[in-house]
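What follows is a short report on a single structure.
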Amino acid sequence: MARIGVFICHCGENIARNVDVDRVAEAAAQIPGVAHAESYRYMCSDPGQRKIREAIVAQGLTGIVVAACSPHMHENTFQNAVEGAGLNRYLCEMANLREHCSWVHSDREEATSKALELIAIMVEKVKRNQPLAPIRVPMTKRALVIGGGIAGIQAALDIANAGRDVVLVEREPSIGGHMAQLSETFPTLDCSQCIMTPRMVEVKNHPRIQLYTYAEVEAVDGYVGNFTVTIRRRARSVDESKCTGCGACTQRCPQKKIASEFDAGMGQRPAIFIPFAQAVPNLPVIDRTRCTMFLKGKCGLCAKACPAGCIDYEQTDTLVTEEVGAIVMATGFDVQPPTLYPEYGSDPDIINGLQFERLLSASGPTAGEPRRPSNGEVPRSVVFVACAGSRDPARGVPYCSSICCMYTAKHALLYKHKVHDGQAYVFYMDIRAAGKNYDAFVHRVIAEEGAQYLRGRVSRIYRDGDQLVVRGADTLSGTALTIRADLVVLATAVTPRPGSDALAQKLSVPYDAFGFASEAHPKLRPVETNTAGVFLAGTCQAPRDIPDTVAQAGGCAAKVLALFSADQLEREPVVSRVNEATCVACFDCERVCPFHAPEHRELRNRAGDLLRVVSHINEGVCAGCGLCVVTCRSHSIDLAGFSDEQTFAEIGALAPF
Amino acid sequence: MRTETYEPHLMTVAQVRDETADVRTLRLTFTDPALADSFAYRAGQFAFYSAFGEGESVFCIASSPTETGYVECSFKLTGKVTSALRRLSEGDVMGFRGPYGNSFPIDEMVGHNLVFIGGGIGMAPVRSILVNCLDRRSEFGDITILNGARSAADLVYRDQTDAWTARSDVRCVKTVDPGGDSEGWDGEVGLIPHVLERLAPTPHNTKVVLCGPPIMIKFSLISLEKMGFSGEQVITTLENRMKCGVGKCGRCNIGGAYVCCDGPVFTAAQIAALPQEF
Amino acid sequence: MSTETLLTPSAPDTATWKPRLVAFVCNWCTYTGADLAGTSRTEYPANVRIVRLPCSGRIDPHFIIRAFEQGADGVLVSGCHPGDCHYTAGNYHARRKFMVLHALAEFLGIEPERLQFSWVSAAEGRKWADVVSDVVAGLLRVGPVQPTWGGAGELPVRSLSEPPRPVPEPLDVVGELRATAQRWLSDCRVDVFVGYGQGSLPGRLRPAFITSPDEVDQLVWNEHAVNNLATYLTRGLVKRHGRVGLLVKSCDARAVVGLLQERQIEREQVTLLGVPCIGVEVDGALAPKCHTCDSAWPALVDEVLSAEVPLTPVDGEGLAAEIAWVEKMSPAQRRAWWQAQFDRCLRCYACRAVCPLCYCSQCIADQSRPQWVSKSSDGRGNLAWNLVRAFHLAGRCVGCGECTRVCPSNIRLDLLNAKLAQVVRDEFGYVAGGDPDLPPPLTTYLLEDHEEFIR
Amino acid sequence: MSPTTYLADSAQAVLTAILAAGQRVVAPVEQAGLLAFAHVEQAEQAQLIGQTRASAKELAFPRTQRLFGYRFGNPGVELLPGEEPPAPTVLFGVRPCDAAGLAILDGVFGAEPADAPYLARRARITVVGLSCDQPQAHCACTAVGLSPTATDGSDLLLTPLAEGVLVEVLTARGAALVDLLGEALRPGAADKAEVTARAEAAMAPRALPAGLADGLAAAFGEAAWADAAARCLGCGTCAFVCPTCHCFDVVDESNLRGGQRLRVWDACQFGLFTLHASGHNPRADQAARYRQRALHKFSYYPRAHGRPMCVGCGRCVNACPAGMDIFEVAATAAAGQG
């Protein structure tokens, strides 16, 4: 028979007050298979633990039940104690006599008999426990960062500066992301590009960073410490190794009137273009959807113009494979287009915040002077509409986009700085300015810059001749308002980057109904995901501003570096295992596993002939939830530590003892 | 004796010995002293061993009738019951019912040369009759023992085998399959049939006791035939699945025979006459 | 204590009876929530025994059945709220399984009070205490489980919701059937053709395995062609012969879809010959499944026999009417009715043997570690076996009705299967045997799956 | 013992008298559309036409039978008794084939070493046979040397005649029952030959070839078994409805407190039946398992006991999900050998 030791803790008075611990100890000694039962005042204390260790050695115990508090409290303590006596730590179970019994049942008789049953349940379980050894997984100490905005750049630099190699993948031709598009940043009004560009260059020149721009993550295989990532490098049609970035090609391109993505449509670019002056890498790319050569099969002007001969119309996408141990997802955000509300119409002079940023930016299409897209004149009156789509469950998104209050204030301020006699109106629902120095900034805009803040919503915008008529309400005064404006700037809602949900799926990261990736725990594990080794930085998780993004990216880097601090990954051995003899290879396990742990394993005979294909659980990936175990109809999968046999035995102990 | 057909005797585990990593020997004593006195069996008989709560398993009795006061069984870890039996320690109670089946024809073996061949856990029934014969050594001619296993670590009864090797009145050889030897192995290396051919026991006036896995039996029989042994000279056991031991449950039925009643001991000639499904 | 009461507790003394509630809870939310109830000193009834598992997705329906077998008066299942799962989606998957189990329990007449589901987060210590109190109060209302079910008085033995319908004249396809089989075999398109041949008893057909073009005259077709030949696909047919030609009715073809979906066969291994079918005979009348069958033409087939198919409107509600008839009974009557059914089960496993979707190499009924299903052919073992089987077929049963046809004890397994098919259709919008590329409904989930049955 | 004979009004009347005598009676009743042996309290409950779906063996050899129980101590184990056999019972309306099945089981379980749990039950059963006047399409008793009015296994045999019913007293136990019945039975005699002939004439002609036992034994190695068994799906229906099949499994059921050892029906058609713990299976495929069933019934058993281990009830043929017909297969296999 098994020789189980039962150790009952008084927990001072916490357990002993409502449970007759001596009687429980006496009765527990009668449970079949129990070789030793005793109670002690504080089992978790050093003397208490020593009692356990001594009993294991003296009595040759084969399993331990500590009847004390919640395993969430002290399981580790007692596992260590058991290990100290030479018994496998997984041969120790806890019966929860405190949280689940003495603290919730005041009837001493009832609590005492329940305590004994709780012990019997764990005795029956521990009889079937198997010694387990932690799972060790080798690790590639190299990180992948997906997204080259400020979040990705920060994470990449932090990791690289700590001495680990980084692969940085950016979908656009240049890194920089939205921050590179901004004019000045609130509340300090630093020039965004002035602080961003050096970081971008640092990335480019960093010996530990492998940068792929104009590239996307095609597939992710493997698991923490051992990801294999396939990256699709889209064809630039420009030989990067030869191009000097002189820009001659872009000058010659006959297509000049393509809306510039970088300028949010406020400016124009050719079909072969460098996204912006400070782009990293500073290389042109051919937009094949607009290039005459690709559309009509002839042109070739850029190739003729190129002194280095690096235009390559035949270039194709290439796939590269990178081995990494951790992944940071930093895919960023988008803002909704300014055409969400039909009652606002679709007018060239109704733009969104990002477009206004470009109009304000010194590197923008208007060299920093705000001008109306319709006629190029300087707007004399501008209406800013906050919450244009945010906090609007009916038609927009229900959440707060978090940055609009601040950038709208900034816009009003910058506008006033540039157009001194202009009038700025701001329609708002309420002002959320919780960051450092943020509230003061907004007050300054209202008090010192004379922006007129109107609490209320805009009901309609329509064109009247040269101007826009904005109708709304001031809910504070209860009056209807009609404002004639030259320009309307909508602070449209922040949404995840298109395609980030597909990427999240590749990474096995859950995402919410809006497409924002979900963290493992909103409070305590805000940068981790439920997929081990995958972390979240920046606005792919939720709308946030630059300081928060940078802080979170640094957090990701710290998590990645902590992961890389060990040579092997050690994981809890609570994982599923397949009985290959009975597996019928329906692969329902594969269908349900949130972690993609089940793999197809080929069984071959000695001659190498394929006999069968069966499921095999990758221990490095398995998180031990046991979903596959329940799904498997032939019960060919079992979960170490919570096996079917253990659970059946526990249930068998439920009958009154 | 008990009246109910299927009710086991309660036995106390008196000793636990590990033969190999997965073969264990239990020595059992009767909890009822009256039974201990009246209990008798013959070499080759088998019994059912109960791990209460899990079920029964069938093994031959591995001790010799000449070893009194207890019975021993040796078993390999294979499933639910054997793993439950492995959880037993000295002083624990288990169930035992038996003995069942026929036995080795020791009376017919008297006066003959004997060859004992055991492969793996098949050495357990061999041990019973072998020890029985050794305890009556003077009644037999030459005795040859061949104990084989897949690897050195799988050789059962190693100490006893060495003790038999040390005796001058028997020839005892142990062997492991090619590749199964390890550091310090002092026995033969080779498959049992090959080693047997090297030992070349005379078929004249000789009886062979041969137990082991089906594949080993098959090739050993071929070798023995080549060496001139007839089917009547070779005695072996069948290890069918059984549930009752009394010829009812139907599992061990092979042709007209029930292994539990008509066996488990058969001559090679008898087995050859059975439908070939065992 | 006698042996009788050792495993199945005897009828309790109602005066001293206290309900025994077993709670299967996830480690991360509900167990921690119960911890919080403790640290907050929130008192609740002491009747509950918690079994801790990693995730609600680990809570096997067999555990619940086992708990009832061991004398639990009630079972509470609890995990993380949707969206909170430590393992991302375990609770979503669990929710679907529980939905099916809940419906099954109700259909069998198990009082809803006895099987309760809840979401309790780590923060909801109070809720945990409330849920336990509520569930215990419910158990006090319904009283102890009777060791043997029954006591519901006179009960109808079978439903008669619809008068038996005559079997239509079989379509004349035999000539073309034989010609096609002959062509397939002669062209070496298939190595064996599986159809129907004459049985040894009058009016019976049985599976025929034709390996030579000369033997095709053995093939016949009529209303007695009841067997679902798809079953043989996973019974060594491919291994023994190679490429299989298979004659399928529309219900049989749905089973082939199931097998493809679950990767038990490769499409190339089997060539399907569809036979238009307007109904087969069981017990002298049109088989119940045929009442509602709206397709004479099997899907997915490689070739189909041509025939003039008379327009036979879907007639009556078939099994749905019988399900409704069962559901009209009181829970106690339902329980007794099923008890009487299951009591007859011999455990011959003919239902398993004929089921095209029962292909496990080792059925859990034959496993001993743990002994999932009691071997004994009595109330406990039989209930567990039939429940487990029904559950394993939920969302997979294609309604071919073979299990019921072959049951030597006339157990209405088809009603169990059809009821669960109904649940799966209504709740998950899924009909088994339709699209081989769809995931089976219990291997997937939707965020918006119903959970009204969960507290 | 030469049978004493009586006459009675009808089988129903005999049953009424048996019930009136206070006997516990199990007889065929209709349940859920099928005939099954069940407890009856009134004669009208019994359904005396047709064949029960399951055989009569269950009363003596139940599907599940507790051999003994045990309770765990710490340390030690305490053994508890096995099942209490049911009260003495008259098994009424047993067809001659089923009664003969019981006779075969008596031989198997009674052979030394005898099976105590079976005998304990069997000793409390009085079999009142009922001759068959309306054979089923699958009936084949004549093929195995029985007849619709055979007496083998019955303590009393009732044979319905044109006028009333003939009661043959076949054993002491039968005589003891008759003693309880008083005036319901009138001493008298009648010839049942005509009934026998009429019933036999109504049966589909089925015959087993001469020399079947040896022919089958010789056919053991034939590859044809694989073809013969191709349809067989390996369920246990044939064995479970068979009056003579008696294979069983022995299993434990237990929990923390103790448990019981049970005997449950098993079938040689199940793949696990002969599977060794090592994974080796002497009968690894369905062909081998089907052959075992055919040979056990028509070769091994008859060679030892001089009669097939089959009473020709035809239930296995009727109930087989896949239309297997053991008579057909056996005859074909043996013929293929010749």
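The letters A, B, C and D name the chains in turn, as written, and every chain counts its residues from 1.
As a convention for this text, a residue touches a chain if its C-beta (ideal position, glycine included) is under 8 Å from a C-beta of that chain, and two chains touch if they have at least 3 such contacts.
Model, not experiment: these values are computed from the prediction.
Touching chain A and chain D at once are the following chains: B, C.
Across C-D and B-D, it is C-D that has more C-beta pairs touching. Each chain gets a centre from the mean of its Cα atoms; for chain C and chain D, those two points are 32 Å apart. Chain C has its Cα centroid 40 Å from the Cα centroid of chain A.
Mean C-alpha positions place chain A and chain B at a centre distance of 64 Å.
The set of chain D residues touching two or more other chains comprises 68, 72, 75, 82, 249, 251, 254-255, 257-259. Shared interface positions of chain B, defined as residues touching 2 or more other chains, are 55, 79, 92.
Chain A has residues 1, 649, 652, 655 in contact with two or more other chains. Taken as a contact graph, with one node per protein chain and an edge wherever two chains touch, the assembly is complete, since every chain touches every other chain. Against chain C, the residues of chain B that register as touching in their complex are 55, 79-80. Chain B contributes residues 87-89, 92 to its touches with chain A in the complex.
Note for the complex: chain C touches chain D at residues 1-3, 6-7, 70, 157-158, 199-202, 204-207, 209, 227, 231, 235-236, 240, 283, 340-341, 344, 346-350, 352-354, 366, 368, 371, 374-378, 381, 402, 405-406, 408-410. Within the complex formed with chain A, the chain C residues making contact are 7, 9, 20, 22, 31-32, 34-39, 41-46, 49-55, 57-63, 66-67, 70-72, 86-90, 93-94, 97, 129, 262-264, 359-364, 367, 369-372, 392, 439-440, 442-444, 447. Contact residues on chain D toward chain B in their complex (touch as defined above): 67-68, 70, 72, 75-77, 79, 82, 108-109, 111, 113-117, 217, 220-221, 246-252, 254, 258-259, 261, 263, 266, 268, 273-278, 280, 282-283, 288, 292, 295-296, 300, 303-304.
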